[in-house]
Amino acid sequence: MWLRTSCELTFRIAAPTPFILMLRPRSGGQQWVAREEYAIMPYVPVFEYTDDYKNLCQRLVAPVGGFIVRTSANVKTIDLVETAPGAPFVEIQHLPNEVLSYLLPSRYCESDRFGEMATSITSGSLPGYDQVAAIEDWLRSNIRYFSGNSGRPISAAEVNQQQSGVCRDFAHLGIALCRSLSIPARMVVGYLYNLEPMDLHAWFEAYVGGNWYTFDAVQNGIKRGYVAVGYGRDAADVAIYNQFGPAVFPITQIVAVEQIENPD
Amino acid sequence: MWLRTSCELTFRIAAPTPFILMLRPRSGGQQWVAREEYAIMPYVPVFEYTDDYKNLCQRLVAPVGGFIVRTSANVKTIDLVETAPGAPFVEIQHLPNEVLSYLLPSRYCESDRFGEMATSITSGSLPGYDQVAAIEDWLRSNIRYFSGNSGRPISAAEVNQQQSGVCRDFAHLGIALCRSLSIPARMVVGYLYNLEPMDLHAWFEAYVGGNWYTFDAVQNGIKRGYVAVGYGRDAADVAIYNQFGPAVFPITQIVAVEQIENPD
Amino acid sequence: MWLRTSCELTFRIAAPTPFILMLRPRSGGQQWVAREEYAIMPYVPVFEYTDDYKNLCQRLVAPVGGFIVRTSANVKTIDLVETAPGAPFVEIQHLPNEVLSYLLPSRYCESDRFGEMATSITSGSLPGYDQVAAIEDWLRSNIRYFSGNSGRPISAAEVNQQQSGVCRDFAHLGIALCRSLSIPARMVVGYLYNLEPMDLHAWFEAYVGGNWYTFDAVQNGIKRGYVAVGYGRDAADVAIYNQFGPAVFPITQIVAVEQIENPD
Amino acid sequence: MWLRTSCELTFRIAAPTPFILMLRPRSGGQQWVAREEYAIMPYVPVFEYTDDYKNLCQRLVAPVGGFIVRTSANVKTIDLVETAPGAPFVEIQHLPNEVLSYLLPSRYCESDRFGEMATSITSGSLPGYDQVAAIEDWLRSNIRYFSGNSGRPISAAEVNQQQSGVCRDFAHLGIALCRSLSIPARMVVGYLYNLEPMDLHAWFEAYVGGNWYTFDAVQNGIKRGYVAVGYGRDAADVAIYNQFGPAVFPITQIVAVEQIENPD
């Protein structure tokens, strides 16, 4: 399906503020970016680089006053997210080198503390995809979802304690559980068609059977309409924006995803 | 200045043909990509990756029949290309690691064979920027320029022998001469505003005084309106498209660069 | 000074166990590895790769039974660790791209929670090196040091709460405080001459004035005799060994550092 | 088998000379480095980095006077080099990203000029491993081998013209032929047990059936005792040493490879 995604962030800046933004989707196996717009108002010099996770990041210093970042993209996504029930666990010694860092605990995914819980949740599941599916089910049944912004991120252990969370929290707990079983797992931030209420979204991917597969414990039904913008170990790595110095929050953050005609 | 660049390649494909394309400009210190479009007709799955030179490349298999790649971008470029007469030669031991590979000879730049010639051309110049400027001047005075497509690339040694060439040939010879003086040099492919006749263009950059500077022996006057699309050691690394299997050439290749209003 | 470092780990393995080891020092500006030995008994196939932080890592599957990893190296280190009082804070927009990830919070360094504390500790210090020195002093005065193994790592917030820790804990808290001031900071694991009692050691580096500088709040006097083995965001990235599956601990871990004659 | 390799280079330096050395074997699937020594006399600061091809390189400035680089290693190699007759050609679209650059022409491998010749040599061979084996056979039958140093490298086209060459020349021609068939191929420099006369050696690897396989048209019989030191596109990338400024050649270059007892 073809989607048009857009995100507009408006800030009021009191002192020149360095930003690192990550709002540029890239084309991969499951999405193709056919058109993209990225406006910064007022215009300031921007440097683009690729981070450790191959995200395209933009560095700039926002000037004093109103500051707007407006991005949009026309993206073709696969019709249905791929699933692979039964896909096997990949033995550590056979994992590609570039996947290994997704086994380690990270800021918001204390996987070193979830071994027993993950073993219990997945008892009876075949090692691999089915374990991750069991984790996704468990999250859906046991963590109460609320939408909206939870402020600064909390960690998987904190999510597990409060038994509720936003999409980012579900992803963190899912990732921590997977990694504690030696299944590489990573965070994805992006857009989701028909998300209610519309906003940026977060989900996770797990590496089983030689591929990364999408999991999203917040959504129930048919999985389609995902547009990835950033990948990383957790929310510390994939912030839509990182800002340095005195905290600055967007006055408005307007996100939209609409289906469009096949432009061919 | 704000430019709108576009390139449309039309192929007629007789058998499914793997392509690697490099037509996506990135934002850097000297250019900002505010809008970009990339259409493939008919649509086929495309995978994007970053190559060794940090270019964004697109992999796909073109299907039998007509095949069109149409890209365009709105880009803000710096008003005048930076120059730095007197910028010093950087001693090898102080070069950043990531610049070292641009010292080595490459497919079309046999820098291992140009030591004496480069020394002669630059005698009397201060080591560094002024040497490269002397090389640029020498090229402009000694190599006869012709526009149009020269077919498959020839090497710096061949260019030097025939004493004439297209923009790509000027860049190759300039690069080979720089490297033979231990000055890192790299090829750039992209767009140039007001190029006559309009087409994709090639030039080179040399690393002196701690920065990369633009050189283009084909152009005489004020330097402005450059939009870089790819970087590499030479044309072997920065082909707008690499195609595998039986040779396929574009039926048409339409390039345009026009000045646009500041979209702010 | 010339040092001979060695580390011997002995495990008793109950089931084939995948390991990732990081015990190979590399030569850099402050150390030169003149000789190195790395024995694995019994011998099993080992694959070496470079991780995201440029550490050389060894992957292997330890077989059932006794398993010994024995490494040693002859290393020339600089006579005195470099210091740079007054070296300035580097503005975010001028940091090299490859340093940016050391600004982010990580598993054991919740820098997102230390802003006020760091500001208070460093009030009166010039931005940059002197802030880090103030943090190092504060750690030395306020956190009680104990040697030996603390079991699995705890995080900076936990260290701060218990007001005591091993060398790794000091490093984590120091890093978290630096990053909360937008100073890139990273963990280093390695050897230290004359450490009492002898063991592997951990310290941290901060990026100020355009360079990485060594800080070690556990040591008081003259700083010399450091041999770095691994770098990373925190202990999650720089484990001397990571082991997967049921936990396995070394039966013995024998570390030695002795001064040797200049082998020239 | 266990081998002890050593290489000693002695230079007489007239003016301070920057060097980049590549003499440090790494452990991989087919070799394990159990012990390594690397002496530089007189001692000067050395910086180590990983190049684009993941080789460990050492940067230094050799001082005036005698300058000696002496390296040795104890290495376990696989008993017989792996072969895979029948291993299939990998379609371009299924090649891993990191292998793609080995398809491109390079300084000494003008693969863009060998299409017809390669097709002719491999007619009748199954696409993949068998094509490369046919190329290896053709080289052995058609290019006259001579040992010793040929001075500066010549390119595959030049080798093909003179119908003779050293090991490096065989590798360059083999690589150019493979790449012209869209088979990724790379140069390897290292040691070979029982090479006559003993010296550093060069061979090539081709990527077929999902793996890199060793080919060496200079050697006839059983293939064993290879120790790789560097990988790259061709000799431009994998020089045991690159030296900048006025040319300096080793006064002596002493290479040895001897079988040693299993040190376990």
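The letters A, B, C and D name the chains in turn, as written, and every chain counts its residues from 1.
Assume contacts are C-beta pairs under 8 Å (C-beta built on N, C-alpha and C of every residue); 3 or more make two chains touch, one makes a residue touch a chain.
To keep track of the chains, here are their UniProt names: A, B, C, D = Transglutaminase family protein.
All values derive from a computational prediction rather than experimental measurement.
Asks: For subunit A and subunit C, which third chains touch each of them?
Replies: Common contact partners of subunit A and subunit C, which must touch each of the two, are absent.
Asks: Relative to subunit B, which chain has the most distant C-alpha mean position?
Replies: Following the centroid criterion, the farthest chain would be C.
Asks: When subunit C touches subunit D, do the two copies use mostly the same residue numbers, with over half shared, or different ones?
Replies: same
Asks: For subunit B and subunit D, let me know how many angstrom lie between their CA-based centres, rounded off.
Replies: Between these chains, centre-to-centre, one finds 30 Å.
Asks: Counting in whole Å, what is the centre-to-centre distance of subunit A and subunit B, each centre being its mean C-alpha position?
Replies: Taking the average C-alpha coordinate of subunit A and of subunit B, the gap between them is 35 Å.
Asks: With centres defined as the mean C-alpha position, give me the subunit A-subunit D separation in Å.
Replies: 43
Asks: Which positions in subunit A touch two or more other chains at once?
Replies: Answer for subunit A, listing residues that touch two or more other chains: there are none.
Asks: Once the touch criterion is applied, which pairs of chains come out as touching?
Replies: After working through each pair, the chains in contact turn out to be A-B, A-C, B-D, C-D.
Asks: In the complex, go through subunit A and note every residue touching subunit C.
Replies: 18, 20, 49, 51-52, 59-61, 91-93, 97, 100-101, 103-107, 109-110, 112, 152-153, 182, 236-237, 242, 244-245
Asks: Could you pull out which subunit B residues touch subunit A in their complex?
Replies: By the definition above, subunit B touches subunit A via 26-29, 32-43, 45-48, 50, 54, 56, 58, 76, 262-264.
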